[in-house]
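Have a look at this one before I ask anything.
Naming follows writing order (A, B, C and D), and every chain is counted from residue 1.
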Amino acid sequence: MARVVVDVMLKPEILDPQGQAVQRALPRLGFQGISDVRQGKRFELEVDGPVDDAALARIHELAETFLANTVIEDFVVKVEEPAVEAK
Amino acid sequence: MARVVVDVMLKPEILDPQGQAVQRALPRLGFQGISDVRQGKRFELEVDGPVDDAALARIHELAETFLANTVIEDFVVKVEEPAVEAK
Amino acid sequence: MTARIGVVTFPGTLDDRDTQRAVRVAGAEAVPLWHRDKDLKQVDAVVLPGGFSYGDYLRAGAISRFSPVMESVIEQAKAGMPVLGICNGFQVLTETHLLPGAMLRNNHLHFICRDQKLRVETNSTAWTADYEAGQEISIPLKNIDGRYVADERTLDLLEAEGRVAFRYLDVNPNGSLRDIAGITNEAGNVVGLMPHPEHAVEPLVGTGRTDGLGFFTSILKNLVGAR
Amino acid sequence: MTLDTVKHAEQTPEAGQPWADLGLKPDEYERIREILGRRPTGAELAMYSVMWSEHCSYKSSKVHLKQFGEKVPENDAMLVGIGENAGVVDVGQGYAVTFKVESHNHPSYIEPYQGAATGVGGIVRDILAMGARPVAVVDPLRFGAADHPDTKRVLPGVVAGIGGYGNCLGLPNIGGEVVFDPCYQGNPLVNAGCIGVMKHEDIHLAKASGTGNKVILYGARTGGDGIGGVSVLASETFESTGPAKRPAVQVGDPFQEKLLIECTLEIFREKLVAGIQDLGGAGLSCATSELASAGSGGMRVDLDTVPLRDSSLSPEEILMSESQERMCAVVEPDKVDRFMEICEKWDVIATVIGEVTEGERLEIFWHGEQIVDVPPRTVAHEGPVYHRPYERPSWQDALQADDANKLARPADATELKEQILKLVASPNQASKAWITDQYDRFVQGNTILAQPEDAGMVRVDEESNLGVAMATDGNGRYAKLDPYAGAQLALAESYRNVAASGAKPLAISNCLNFGSPEDPDVMWQFAEATRGLADGCLQLGTPVTGGNVSLYNQTGETAIHPTPVVAVLGVIDDVTRRTPIAFKEEGQLLYLLGETRAEFGGSAWSQVVHDHLGGLPPKVDLERERLLAEILISASRDGMIDAAHDLSDGGLVQAVVESCLRGNTGARLVVPDGLDAFTFLLSESAGRAVVSVPRSEELRFTDMCGARGLPVTRIGVVDGTAVEVQGQFTLSLDELRAAHAETIPGLFA
């Protein structure tokens, strides 16, 4: 079993009020030096079989038709490394 | 300028109604072989200065106190490689 | 015989019974349609009502769009059957691309419930014939994903073709581009809007106005007249 | 780890058990051993500990709540009383209404969004379990100081959670309260109420009967969330960590709940259930033991058949899990197939997990091995009962002696005007529209009145225009000064609000929010408040149909103000006769009903201007309240008044300002003879309302009041674009609107 991640972000030209709300709150929290924040979605898919090219192509199609609305969003499909990121 | 990404996901033991709804829809769309879907948030932060340990520590704190609610969510902080992922 | 108006229920649809009531108040017959059935039961028109179909999970309207009933609705809409999408129904229509653009989280990030003033920009759609072009009406608005967006080219095209059907007046409640509250397709049979005409058909309830009744009398006239 | 079966427990009588970590006291553990004649298994211990927690067993409050069942007024509207998921009253024309208020205080402090959201979900399931379609929700809320940084975290989250859940369910939010006071700083109160409507014959009860009937669990899968939430969150203070190695917070799925509602209503329509219970606090432990305890016969459950979200859960955890959006039904065997079909139609997972058995035991098995064998009554209904010591606090006399009438009054009209403007803009008196606009009040198409009206009102029958109304109230400041009177004032205010809308008050529910019962001061407050409420209900003829108790709302030694919240349900035969608060028609006459005395103890004025709390709360006169209500109801029915607004915190001026802003008209007021302007405008004497009377009705109206002995004073006229108090000051509507509207968004937007 492997994990495939689909990151979906609003296109750069689309207003992202959630990201803005975070950014506006930063100074209040004492954070300086972050010039932009965008908020998007992350999907973690557990894939049963091997993640070969065919599987990736299918997931790409899934992202394009379903997980993202390409009128407003961009997406990236990644195979997650088995090693866990350090927190 | 560098990009730091914070991924926030519901803890594994917490109900994820969104991910569940997506997963349940998959068979109807003709997608098989995905045994689990979790949906989380992805924050992209544009950091002005260098992303050194101090900056990362601050972003880690930001994630812990603000971007994630650690009662129900886990998070991961990553420095994004300058090279853009292929779509 | 009066017109048969189908009202679709998806899992999580909320305003289906209210829409059926509005259809009846206007004098038409309301026909419940179930999301799993492809059969449209020979209705003359379809309303996709408001609510949170599939919890609005993923994106509002994104999951319902793939239901069996929508296959038929899309097909019939393309063939000219009148379809009205209210709120969540509008979101479904944009997800199916029967209407252009997309709906996003309100710019203030909150759910908002208010009595909203609109201008009916065109009465040459199946659902607005009973209004004057330029008429101002007030009907309830209630949503969290009500911000209409589309690229500049699409917006210009909509304006040029007179397809902006409703515009917010006084306040833009959610950051919708060009104050757009609702749009129509080129043929004028498919209309979507965020505010809720079905909640403004009886003087007693809600805001006490009946400004929304015109949607349902328009379609009735349109259909019965066409027979 | 080996499975702790009943057999194993018999063989290992001396095995150590973590009863103390689970919140049980030594004598409670002993009692369990006595009941069972052996040590409990781990699963039994989990069940007893959670069911005997304060939250589920009412062990500290029971002895006082008894009064609600003893001092019952003559009232033939009661169909189902205290003891079921919610009480049911007859509202005529064959309709019955069920309603209840519950607290979700502690979870909402930890995770405001989910805590509040699941609070709404829980109360809605209670109403559903009675057989009713939920038709409206209300949300009485209390927060710390409005300008405290933590309130900025808690309030927006709570409001978003209530909206996020309720809006997605399609339930109009028609009322509630938002109150700020520093005493709620670490202990916000998130109470949620729901109203449901059914026909008399549709009433369902939570009991399991009929040997061989199947026990069906349906709704969401069971996960590890909220385990120990009941005992850890609701019973002890936050410092104690207890057994919660799993997260104690539940995440709600309103979409799933919406499906559960529609699915359950369809199941009711086809009369497929013999008994039904929602799963709330204590999850399956509660549902199985309560169903078995209330019915005849026993119950057998195969716990390994429960559909799980997390396969690593132990049987104990499955029993305690508080995963949301689940229900448990008892179904005759030949109806099971149809039951399953309906669940499938609504995409709801349903599983037969057991059956009703002969005998009187609740037996639970795990892969064929018995892990629970208990008499269900001992779990569900025969928990410990405490007679906690209570005593009038040593500081109570000094508090009452600190008379608010001694506070400096405004020196002149200019200062009076300034203070009134400050009052209108203060967080407690300011418009809550920024909050309530986040709630859908129109859905279902039956909303007659909603915020900011005195009471929420929904139409029940489209043909006859039968409707019901509800208001919730509770003034913690009054209750702190005198808990007996404070509880009665909460009742009186809520009753008055319902009457002001034109509906006849029928019955009440309550949510009693207090500090630690282990503190004799708090226990005295609780005893006094329940006594006051029970006496008040007896006098007003409005029985208590049910309610909820939330204790341990305190941080360290400091308890919240005693806060009994009372929800009054009323009925109106014809909703077209409802009375709104808005002054609309220029030239209509304004009358003040009731008597005004110099009563400022616990008043909004004393808080806003002097930051003071002392003296006595306003005097309670329930006979007067009843008379006032009768007059308001007849006047609305006979078309003698066009608007009515009850007077409460902030006094007359607050009410007039609200009615003017709502109707977008001004008012000219004259200070009546025998009163000074300050007392006239700001006193909080109870039993009063202001009404707007068409000139043609003036004589008929004043004659009616005169004949029935209700003091009535003409105080002015609806007119212009300002609130003008002759000889004192003028405040323009624009000025007032700005003061009233901008405070809350200024703090939280």
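The rule is simple: a residue touches a chain if its C-beta (ideal position, glycine included) is under 8 Å from a C-beta of that chain, and two chains touch if they have at least 3 such contacts.
Not measured: the values here are computed from a predicted model.
Quick check: more C-beta contact pairs at A-C or at C-D?
C-D
Could you give the separation in Å between the centres of chain A and chain C, each centre being the mean of its C-alpha atoms?
Spacing between the chain centres: roughly 31 Å.
In whole angstrom, what separates the CA-based centres of chain A and chain B?
Distance between chain centres, rounded to whole Å: 7 Å.
Roughly how many whole angstrom separate the Cα centroids of chain A and chain D?
Inter-chain centre distance comes to 41 Å.
Starting from the mean Cα coordinates of chain C and chain D, work out the distance between those two points in Å.
36
Which positions in chain B are in touch with at least two other chains?
Residues 17, 21-22, 25, 29, 39 of chain B each touch two or more of the other chains.
Quick check: what residues of chain D touch more than one other chain, meaning two or more?
Residues 253, 255-256, 347.
Which parts of chain C, given as residue numbers and ranges, touch two or more other chains?
54-55, 57-58, 66, 108, in rising order.
So which chains actually touch one another? I want all the pairs, not just one.
The list of touching pairs comes to A-B, A-C, B-C, B-D, C-D.
In the complex formed with chain C, which residues of chain A make contact?
10, 13-15, 17-18, 21, 66-67, 69, 71-72
With touch defined as at the start, can you tell me which chain B residues reach chain C in the complex?
Spelled out, the residues of chain B in touch with chain C are 17-18, 21-22, 25, 28-29, 39.
For chain D, which residues count as touching chain C in their complex?
Listed in rising order, the residues of chain D that touch chain C are 160, 163-164, 167-170, 253-256, 258-259, 346-347, 436-448, 459, 462, 465, 575-576, 749.
Chain D touches which residues of chain C in the complex?
Touching chain D: residues 11-12, 14-15, 17-18, 21-22, 51-52, 54-57, 108, 110-114, 140, 142, 144, 196, 198-199, 202, 204-207 of chain C.
What residues on chain C touch chain A, complex-wise?
Interface residues on chain C, with respect to chain A: 58-59, 62, 66, 94-95, 100-102, 104-109, 147, 149-151, 175.
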